[in-house]
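For reference, the structure I am asking about is given below.
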Amino acid sequence: MNRSRSGPRGLMVAAVVVAIVAAACGSSTTTTAPIASTPAATTAAAPSPSLVNITPAPIPAGPGPNGGTVVRWFIGLGAGTQPAQIGPEQAFATAYNASQKDVYLSLEIVDNTQAANILKTEVVAGTTPDIIGPVGVEGLNLFRDQLLDLTPIIASTGYTFSGVDPKLVDFFKLGDNNAMVGVPFAVYPSFIYYNKKLFDEAKLPYPPSKVGDQYNGKPWDLDALRTLAMKLTVDKSGNDATSASFDPANVVQWGFDSALQDNSARAEDAFFGAGSFLAADGKTAQIPEYVKAGETWFNAGVWTDHFIPNQNQAASALLGGGGEFGSGNLAMDEGHTWFTCCVAPPKPAKQFDFGFAVNPLVNGTITSPLHADTFSILKSSKVQAAAFKAVTAMVASQALLTTYGAMPADTSKQDAWFKSIDASFPGIKLDWSVPQAMLAYPDVPNHQSWLPNYAKAKTALQAFQNKYRTTSGLDINAELTKLQATLQSIFDEPQAP
Amino acid sequence: MAQATELVQARTPRFGRGRWFGTESRREAVWGLIFVGPWLIGLVLLTAGPLIASLVLSLTDFNLSNPDAVRFVGLDNYAAMASDPNVRQGLIATVKFAIIAIPLTMVASLGVAVLVNSPKLFGRNVFRTLFYMPIQIPLVAGTLVWIGFLNPETGWLNGILKLVGLPGPDWLNSETWIYPALALIGLWGIGNFMLINLAGLQSVPTELYEASRIDGAGPWTMFRRITIPLMSPILLYNVVICMITTFQYFVVAYTLTNGRGDPNNATLFINLDLYREAFQYSRMGYGAAIGWLLFVIVLLLTLGLFAFARKRVYYAGGEA
Amino acid sequence: MTAKADPRLRSFGERGAIARSYRRYLARASLTLFAAVLLGGYLLPMLYMLNTSLQQPSQRVTAGAPVYPAVPATGTYQGQTYPIYDVPINGTTRELMLTEPGRESSTFVDPADASGTPIVWQGRWRTLSQSWTFAPEIDNFTTVWTQLNFPRLLFNTAAIAILSTLAAVLSSALVAYGFARFRFPGKNMMFVILLATIILPFQVTLIPTYIVFTKLGWNGTWLPLIVPHLFANAFNVFLLRQYFLSIPRDLDEAAMMDGAGPFRILRSIILPLSVPAITAVSLFHFFFSWNDFFVPLLYLSGKPELQTLPIAIQQYNALYVSEPTLIQAAALMTMAVPVVVFFLAQRAFMRGVVITGVEK
């Protein structure tokens, strides 16, 4: 064995390790590479194998490649993260950046499940994006304290909400003290989607598409909906839920649900009326009447009449693992306008014919729960004027409306949008008068409106929904009393400073 | 042979009385610090700051939605935990799960490692690869597999149970069945522990087995008398790591149960409570306090394990 | 398979030897059978996964469809495709297209009938059986490949995993050696601190860490995913320390007698004897990095061209729209490299290392 020289050599190796470490830390603080020199859309095509991408790129500060102010647009709190949406979003940014030289729009697309966490982390670190959206009321509630009141900037720029119903403009005054925290972009009234194929199979007439029309010679109300839904609920032997030999353990087709509604009681019940869990004093928890009536009806629909799927049925492969209406095995679904995103049946089945019907009367009145999407600017943005300029372009984009399936708040854009949705369903005649009519029956106060300690209150509401959908024979009134107590303790907790 | 037996029975005298170690203990210390250096540098530059920052945060009312208005609140957060039902539920759920999951993981991973290490097994490289595979599934896909597999309506498990005439439980929605379900899913995560055990098994000198076989020992005796003692450092590692990760467990359960701790808070593990407070409810100061409570508990358990292991773990190279 | 155990190589005339080798073979076969049964149960959910990835989405929502990937028999009538059912009519079973389903009576058409005469059948079509043909859907995989820019993602994921694994294993081996073989003041305390860094849940240090990396200007780069591993981590150091400690010191001592220094001992004695542990650490660090989701998402959310596979898979699980067949196909494609790497690397665990025999 040779005499070892490893002592000194060892020291050298160690020195090198230390040097690498020091270099890795040191260089990064001094390098000031320009921002994302490669817009996403172009680099995606060419996989450059070099590792140059590892060089540090600090948070954009200077001008973007087109010479404009860099504005960061954060996508993920709502729609916008599907592969089919990312392309058009990037295309919009590329086109916008080419069309003018004042603003450079830079995209940040974050998986929906983590988007809120990542945005919060960025807020604390001071690396906040400028624009968030598309985002609904739920998402805005989570970031209520951080949203910029747009009123001054709207006044100073002279921006007008052309074509938007003034009532709808008011709807976006969702911040503290009615601050206007979003530019109206999309509105989503809700109504009933029904699968015509399943109605034809049962030889049943379609539900009414005009307010005031009757169904089968009777008023189109909750009872009519229940009876109809039960006839459309079928077990594997072909018995419907009104038949004595119906087997609830082997259901293959369900009559009704209020799917993709945020898994929350206050959302799925919202066509029963409007109300708030927060009393007028702003402190006391209450159970609104519409929720009491709605949950009793839903609970019976799931466990007694079996026309609404329970949790396990909704999650089963038969109902598309949660994409219930699109599976083709749900006859009617109370859904919003954005829901045209999700009516396509699993491939390669051909699109089934479907239609829109008005919401049923509940105690003599119709309620159409309203959703809305907007783009908001964060208070912390240092480039608010540039961000507002970009937002006005975004809300005016027909391409983005189509991509998100977003019904324009601007009535002058609605016809073009209806046509763009029709184009994705060739051969199907959708009755757009239904959503237009339903816009006249919004739920006020809105079912998504803010509550104290919002995220925690929402968790409690969702846990309640989950419990009744997984537990047979629940005493709904007792559970609602418990929910009220839980909400009260959540409302009573100290708020954010 | 004799030499090998000696290896097990007699402790090697403490090394370090050698030529340059013993004569200059300072030099040994310098070498030690050089080798530990990369970690120390990282600790100072990257890790220690955030660690201390989180401790400081736990003494404040730091809220993610209003980071500028942070106030020092002393030990208020720690006092609030005492009466927080979610913290209590979190600790109970975590301990319940740990009692099932840790022994199960340890036994199963050792058993599988011994099995796939056996030279008698045909195609053991294939077996190893396949037993390891589930841990390589990306989380989102794995979660959906289990949601589908355990679904009482269209899932396979209850389908199989039905075929053999057993009633299928509502795995994910029952407060009783959720723990066995999570333990079952946890079994799918034994890959890394199996791999470490497999590495540990290689450190057992084969001639020890031969010697003991000549002495007439059966496989079980050999396993108990040779394999276990010689692998004890590795087993200690596995137990410590398994405990640390189990006390931080929540992501799988969280994604399986609607992201909330359903059913009825049965999966509200302490780390989920931390995550909810810190991120979903934005109360990072309080979340940090829960994190440090969890830290103290697990650190004490870890130190306890080391103390327990002191006399029982055999280091062929002597204690460092 | 060793030559001894192979019954074909038995020497004729030695009956005892034949019986012995036969018995040994039987023992091996039954052990293998036992392992296979165990594995079968263990991997059943993976079969479910594979099965999902090979199904057409529409099969999953069809009541009465078989479990395996299959397509129903169909026929064409007036330019439209209809499913074919086995319909009992007048004592015989006919294969007919269901053109107009109804609750108590349905209309069928015989696919062989060119005139397309409707046949009205009284009965419930849901009770009829349908014939399905085994047909794995490979398109799920090609869709993922093209839709996600898979080659780019694969390159990013592999580059990050390889670099961070190299960093982690090299640094951890040095640090573990320091803890295992040297005495220095404060060592026990330092080891406790090392463990403490993983005992504290990462959620509480996430934001301070993010701020540090952002201040360094590393946001939007791979650096936060690689550089921290240059400084060793507790999981790896602890394991290697345990392994190094089980290597007898007399080997070091002997080498030292020959004048070897600490680095040489590490290189020529400790590391060669620790190949299984080093391999284990490398593998699980590699796989950890390969599947890491949150940290890459946090630092790379604005840089799709730098992102990794786990982030991309999540796109198929977007709000409101989940595509189980594509998620599972993407997941299997993501796993392909790790599985092959494991298969090749696990040879390190094939032979027991005879510790006492080295350099003595």
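Here the chain labels run A, B and C in written order, and each chain numbers its own residues starting at 1.
Here is the rule we use: a contact is a pair of C-beta atoms (placed from the backbone, for glycine too) under 8 Å apart; a residue touches a chain by one contact, two chains touch by 3 or more.
Since the structure is predicted, the reported quantities are computational estimates derived from the model, not experimental observations.
Q: Name the shape of the chain contact graph, picking from line, ring, star, complete and other.
A: Basically all the chains touch each other, so complete.
Q: Have a look at A-B versus B-C and report the one with more C-beta pairs in contact.
A: B-C
Q: Per the centroid of Cα atoms for each chain, what is the distance between subunit A and subunit C, given in Å?
A: It comes to 32 Å between the two C-alpha centres.
Q: Which whole number of Å gives the spacing of the CA centres of subunit B and subunit C?
A: Spacing between the chain centres: roughly 20 Å.
Q: Take the average of all CA coordinates in subunit A, do the same for subunit B, and state the distance between these two points in whole angstrom.
A: Distance between chain centres, rounded to whole Å: 37 Å.
Q: Which subunit A residues sit where two or more other chains touch them?
A: 10, 17, 21, 25, 113, 121, 124, 317-318, 321
Q: For subunit B, what residues touch not just one other chain but two or more?
A: Touching at least two other chains: 34-35, 37-38, 41-42, 45, 64, 144, 148, 279, 284.
Q: Counting only residues that touch at least 2 other chains, which ones in subunit C make the list?
A: In subunit C, 171, 174, 207, 227, 230-231, 262, 314, 317, 322, 324 touch at least two other chains.
Q: Name, in rising order, each residue of subunit C that touches subunit A in their complex.
A: Listed in rising order, the residues of subunit C that touch subunit A are 56-58, 60-61, 63-64, 81, 100-103, 124-127, 147-149, 151-152, 155, 159, 171, 174, 206-207, 210-211, 214, 216-223, 226-227, 230-231, 258-265, 267, 294, 297-298, 301-306, 311, 314-322, 324.
Q: Of all residues in subunit A, which touch subunit B in the complex?
A: Against subunit B, the touching part of subunit A is residues 10-11, 14, 17-18, 21, 25, 113, 116-117, 120-121, 123-124, 143-146, 263, 311-313, 315-318, 321, 453, 455-456, 459, 462-463, 466-467, 470-471, 496-497.
Q: Give every residue of subunit A touching subunit C within the complex, in rising order.
A: Interface residues on subunit A, with respect to subunit C: 1, 3-7, 9-10, 13, 17, 20-21, 24-25, 28-29, 31-32, 36, 38, 40, 43-44, 47, 49, 51, 53-59, 72, 76, 78-79, 81-83, 86, 106-114, 118, 121, 124-127, 200-203, 234, 236-238, 240, 252-253, 260, 317-323, 327-329, 341-342, 345-350.
Q: In the complex, go through subunit C and note every residue touching subunit B.
A: 1-2, 27-29, 31-32, 35, 38-39, 42-46, 48-49, 52, 67, 171, 174-175, 177-185, 187, 190, 192-201, 203-205, 207-209, 212, 227-228, 230-232, 235, 237-239, 241-250, 252-253, 256-257, 262, 273, 276-277, 279-280, 283-284, 287, 290-291, 293, 309-310, 313-314, 317, 322, 324, 327-328, 330-331, 334-335, 338-339, 342-343, 346-356
Q: Hey, which residues of subunit B end up touching subunit A in the complex?
A: It comes out as residues 34-35, 37-38, 41-42, 45, 61, 63-67, 69-71, 144, 147-148, 151-155, 170, 173, 258-265, 276, 279-282, 284.
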